[in-house]
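Two complexes come next, and they have one chain in common, chain A, joined by chain B in the first and chain C in the second.
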Partner chain A sequence: MASLIGFYSLIFGLCVSFLIIFFSIKNFKNSHIFDKKIISFTFLQFFFVIVSFLGLILSFVHSDFSNQTVFNHSHTTKPLFYKISGTWGNHEGSLLLWLLVLTLFIFLFLLKSKNQSKKYRILTLLFQQIIIIGFFIFVIKTSNPFNYIFPVPKEGLGLNPILQDPALAIHPPILYLGYVGTSIIFSSTLAATSLNYISKEWAKHIKQWILISWIFLTLGILLGSIWAYYELGWGGFWFWDPVENVSLMPWLALTSLLHCILVLEKRLVLTSWVVVLSISTFTLSMCGTFLVRSGILNSVHTFANDPERGLFILIFLFCLVFLSLFIFFFFHKTQNKDSNSFFWLSKETSILINNWFMIYFLSVVLIGTTYPIFLEVISSEKISVGPPFYNKLIIPFLIPFLLAMAIGPKLNWIKSDLKKKFYLILFLIISLLLSVIIIKSLNINFLVNTILVTSAFYLFFITLRDFFIKGFKNLSQNLTHFGFSLLILSILFNNIFSTEIITNLKIGETFKTDKYKIIFENIEQKDEQNFKAIIGKFNIENSDGKTEILKPELRIYNQPTIVTSEADIKTNFLVDKFITMNLVQNQDYFNIRYQIKPFMLWIWFSVLLISFGGLISLFKKKYEV
Partner chain B sequence: MYGRKVKLRFFFIILILLTLILSTFLILRSLEENVVYFQSPSEIKVISEINKKKIRIGGMVKVDSISMATKEIKFIITDFKNEINVIYSGVVPNLFTEGKGVVAEGYLKDKNFFLATKILAKHDENYMPPEVKAALEEK
Partner chain C sequence: MKFKIYPALLTIFFIIIFFVFYKGLQNSNIYTPSADLKKNIPSFKAKIFLTNEKISSEQIFHSDKFYLVNIWASWCVPCRDEHIFLMNLSTQKNIKIIGINYKDNNEKAKIYLNELNNPYDKILFDENGTLAIEWGAYGVPESFLIHKNKIIKKIIGPLNEDLLLEIKKLAE
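Up next, the complex of A and B:
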């Protein structure tokens, strides 16, 4: 029943789209007042998608296995929480979530943009409706979440256990708010371009939307990263996995867009940049969806491989890109006045430099992600691009990037000089000395690490100084830059100081190195509702005699039958101790991995700081300089 | 003479072009150095010389071939025509099982021995690395 309502809501939602388009065009041509009917219809559409989404959730909660999506991804023994989160833990449901966010954002946009011109609002709505219709057809035609199966199965196939996790339950909605939220930036930029509406006021208005997407995207990536850290048992936070990359690419584009829009807001320059970046941000989001949903990239996000789906998104993507390029080339007018030029040493230049670096990072990630696909198509050779590629190409460029991040905000608009800014050099010397002291005591590549740590410390101290001197002025920008320096520092020290021990042990055996002693004491079994657990007990002895007990688990899920290993992590302020165990079939040995990862907590914390900075900027518009 | 402005713009365009060329060059070169090729045991058998580069080998874990010790795990990867011995010390994934698909990343010692630095296996029935899937389909 719930499925039926859900399905018809979808159809109705699509129909409302055509009504909206009809009334919008009528309103666009005729009257001067914005037609209130349009808002009501937009709400109606949003409402239908919500009903449809609730219908799917209800089917999941009731374990209605006549619904194919529920049958494929749920099971009666699954806890209620994961029944609900299972709704978006699959291809069909997650696309419904796409649609939900698309309609939610356009509805909010119409409510929030009352001060903007009527034509601009309507045109934005029209562009957004094109995307919405595309996705409606996509959902209904190729990935209907409400397919009926008969005879009705008694039991479902269950949700992949690695998705049965609290962080992963909220990861998709948060990520989507950012990822799909970029659609509204795309639509409104296209609308503003075609109406030649781009102005300082427009920049101020669109900045809010960019910030919202950016905050959610940052948090979504953070959640995914935390999940991968403890659930996949690889013991890292970023693997340059294609699926991570497709979320990073829109983030990079969005971040540079955020910086550009600040310039646009103050100085009305870089308009072309803003348009190009808005278009590419959403295009990258769509590309990401295409890559993970078409089955070209294989990962936990690839739910089901269906070439038809991939083809649909690809065609739709090309249409959108073509449309936006058309608008950009034929409607976009550059304001090339002399008053808009700026001196080489100015805030504008530093933001442009920042942008160039961002675009460079973006292209590195893009090439690394897509090159294997192209190569396989062209020469049928199978390759993979691993972390060394990214490390080599990104890390060296982080140095000037960090320095520019520290110095840039110190410059003035239009023209600036560095007189009375001796402290900039002073801080550089302090950072250099500090890094030399730290790195020298370690047995690692001196030059590269020192320069890297120096530039990160530099940004760290400069932003720290600003907290004391400027107080709440520019707090958001300062906070995010501070957070970024903290992130880079934590990552660097995490890399430098991490150690790991990998060994195979039988129960009761002990493994000794000069620093640690790992005693595998025993295992016990435990039965839970949806899995059986084998819990190992490990006693880890430090060289100074301190012992710690860690209990990693092996879980054997009943539906579907999958073994996963649950890491046991002892976290404190400075260091994470991380242990996983694995069982190899028909062997007495357990495969043990013990890792000591410093500053993990700080990595998560600094990303939180970064998004918190964005949040402040969203709520505190007045004090911006 | 051209004005200062034109000169400046010209200079900027040259700079941008140079950056573009340089970064493309950099990216392509690192790609060449850092990509990992995927090969099957049968392909290994016919290569003429042992390359020092990192590669991936994919196939099935031969039944009854896994043997473990404290330091290392030994097993055989087979594509049902040829096989190769793998020595590995490191973490094995949960679904590393005899008779199932596997991908080993590492270095060739000779045509029969492979020193693996990383093992990838299927996540579960639905989620697996593309190479494993390809290896399974070829079977």
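Up next, the complex of A and C:
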């Protein structure tokens, strides 16, 4: 029943799209006042998608296995929380979430843009409706979440256990708010370009939407990383997996856009650049969806491969690309050239420099992600691009990036000089000394690490100083830059100081190093609702006599039957102790992996700081950079 | 003129990308790394333990002999247990034992071999564990029996008496 309502709601939602388009065009031509009816229709469409979404949630909650999506992804023994989160843990449901965010954002946009011109609002709505219709057809035609199965199966196939995790349950909605939220930036930029509406006021208005998307995207990526760290059991938090990359690419584009829009708001320059970035941000989101959902790439997020789906998104994606190209080239008016040339030492230049770096990082990730496809098509050779590629290409360029990030905000608009900026050099020396002291005692590549740590410390100290000197002025910018320096520092130190031991142990055996002993005390079995657990008890004895007990688990899930290894992690302020165990087949040994990972908590915390900075910026009234 | 060249170039560029993606869609991409038996041995280049000379897999494996590739480390406790079986096996003329010293310290590995004797014909030094990954190993110890450049048996975990007999039988 819920499925039926859900399905019809979807159809109605699609029909409302045509109504909206009809009334919008009428309104666009005729009257001078914005037709209130259109807002009501937009709400109606949003309402239909919500009903449809609730219908799917209800089917999941009631374990209605006559619904194919529920049958494929749920099971009666699954806890209620994961039944609900299972709604968007699959291809069909997550596309419904796409639609939900698309319709929600355009509705909110219309409510919030009352001060903008009528034509601009209507055109934005029209562009957004093109995207919405595309996705409605995509959902209904190729990925209908309400397909009916007869005879009705008694039991479902269950949700992949690695997806049964609290962080992952809220990860998709948060991520999508950012990821799909970029659609509104795309639509309104196209509208503004067609109408030649780009102005300082427009920049101010669109900045809000950029910030909202950016905050949610940042948080979404963070949640995904936390999940990977806890659940995948490799002890890492970023794997350069294609799916991670496709969320990072729009983030990089969005971050550049956020900086450019500040320049635009202040000086009305870089307009073409802003338009290009807005278009690419959403195009990258769509492109990411294509790469992940078509199954063209192999990754940890495996959704069912269906060439028909891939083809649909591919064609749709390129329609949008060509539409934007057409609008950009035929409607976009460039400003006079003079205002686009900047004095070399100014805030604009530094933002532009950071933008280049950002675009460089973006290209690296884009090439790394899509290159295997190109190579396979051209030479039918299969390769996978791994972390070494990204590390080699990205890390060296982080150094100037960090330095520019520290110095840039110190410069003035239009023209700046370096008088009274001696502290900049002083801080550089302090950071350099500090890093030399830290790195010297370690057995690692001295030069690269010292320079890296120096530049990260530099940004750290410069931003820290600003908290004391400027107080609440420019807080959001300072906070995000501070957060970023903290993030880089934490990642660097995490890499440098992490230690790892891999060994095979029998119950009762002890593994010794000079600093600690790992004692494998015993194992016990436990039956849970939807899995059996084998819990190992490990006693870590440090050389100072302190002991800690860690209990990693092996879980054997019943539906579907999958063995997962749950890491046990003891987190404190400074270090994480991370242990996983795996069964060695046909032997009484367990493969034990014990890692000491410093500053893990700080990595999460710094990303929170970064997004919190964005949040402050969203709520402040006055223009600051 | 400029006005027309850029859109045209970009359009062509995107059309090319479209076709590459379109072709890519039709390729199947479900390939799971499997630890199949009878799989060809990986081809690799590695450093020889202590001498640091480079050697390639073609120089090590000849198709007329049996080889037992054994992944070991001085820090690996079960490796000590299986060492006696390796020593036993090293007396067999038709089997050569190739060691892969996994994520180990040169000095400690040397002490380990001095203490327990060296059953290996050659030892390859796998400092960062990449060689073990190429072999598809799960952990240490692990052994692969090789004949005619194919893996004919894979043993996860330490060797024991039964396994030793089985290897000897296979190699006959």
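The definition used in the following text is that the second predicted complex is superposed on the first by the 617 of 625 C-alpha atoms of A that agree within 3 Å, B and C clash if a C-alpha of one lies under 4 Å from a C-alpha of the other, contacts with A are read in each partner's own complex, and residues count from 1 in each chain.
As a working rule, contacts are C-beta pairs under 8 Å (C-beta built on N, C-alpha and C of every residue); 3 or more make two chains touch, one makes a residue touch a chain.
What you are looking at is a predicted structure, and each value in this text was computed from that prediction instead of being measured.
Enquirer: Just checking: does A:Phe511 make contact with chain B only, chain C only, both, or neither of them? Give me first, second, both or neither.
Expert: both
Enquirer: Looking at A:Ser565, would you say it contacts chain B, chain C, both, or neither? Reply first, second, both or neither.
Expert: Only chain B is touched by A:Ser565; chain C is not.
Enquirer: Touch test for A:Thr503: chain B only (first), chain C only (second), both, or neither?
Expert: both
Enquirer: Quick check on the superposed pair: does A:Phe22 touch chain B, chain C, both, or neither? Answer first, second, both or neither.
Expert: In the superposed model, A:Phe22 contacts neither chain B nor chain C.
Enquirer: Please indicate which partner A:Phe81 is in contact with in the superposed arrangement: first for chain B, second for chain C, both, or neither.
Expert: neither
Enquirer: Specify the partner with more touching residues on chain A, choosing between chain B and chain C.
Expert: Of chain B and chain C, more residues of chain A lie in contact with B.
Enquirer: First (chain B), second (chain C), both or neither: which does A:Tyr589 touch?
Expert: both
Enquirer: Which holds for A:Gly386: it touches chain B only (first), chain C only (second), both, or neither?
Expert: first
Enquirer: For A:Phe467, decide between first (touching chain B), second (touching chain C), both and neither.
Expert: Once the two structures are laid over each other on A, A:Phe467 reaches no partner at all.
Enquirer: Name the residues of chain A shared by its contacts with chain B and its contacts with chain C.
Expert: 297-298, 382, 502-505, 509, 511, 582, 584-587, 589, 591
Enquirer: Flag every residue of chain C that touches chain A in the complex, lowest number first.
Expert: 3, 6-7, 10-11, 14, 18, 20-27, 29-31, 75-78, 103, 138-141, 156-158
Enquirer: For the complex, which residues does chain B have touching chain A?
Expert: Per the touch definition, chain B meets chain A at residues 19, 23, 26-27, 30-31, 34-38, 56, 66, 68-73, 89-98, 123-131, 133-134.
Enquirer: Please name which positions on chain A make contact with chain C in the complex.
Expert: 290, 294-298, 305, 307, 310-311, 314, 318, 321-322, 325, 329, 373-374, 376-378, 380, 382, 501-506, 509, 511, 582, 584-587, 589, 591
Enquirer: Any idea which chain A residues touch chain B in the complex?
Expert: Within the complex, chain A touches chain B at residues 160, 162, 233, 297-300, 302-304, 356, 360, 363-364, 367-368, 371-372, 381-386, 388-389, 392-393, 502-505, 509, 511, 554, 560, 562-565, 580, 582, 584-589, 591, 593.
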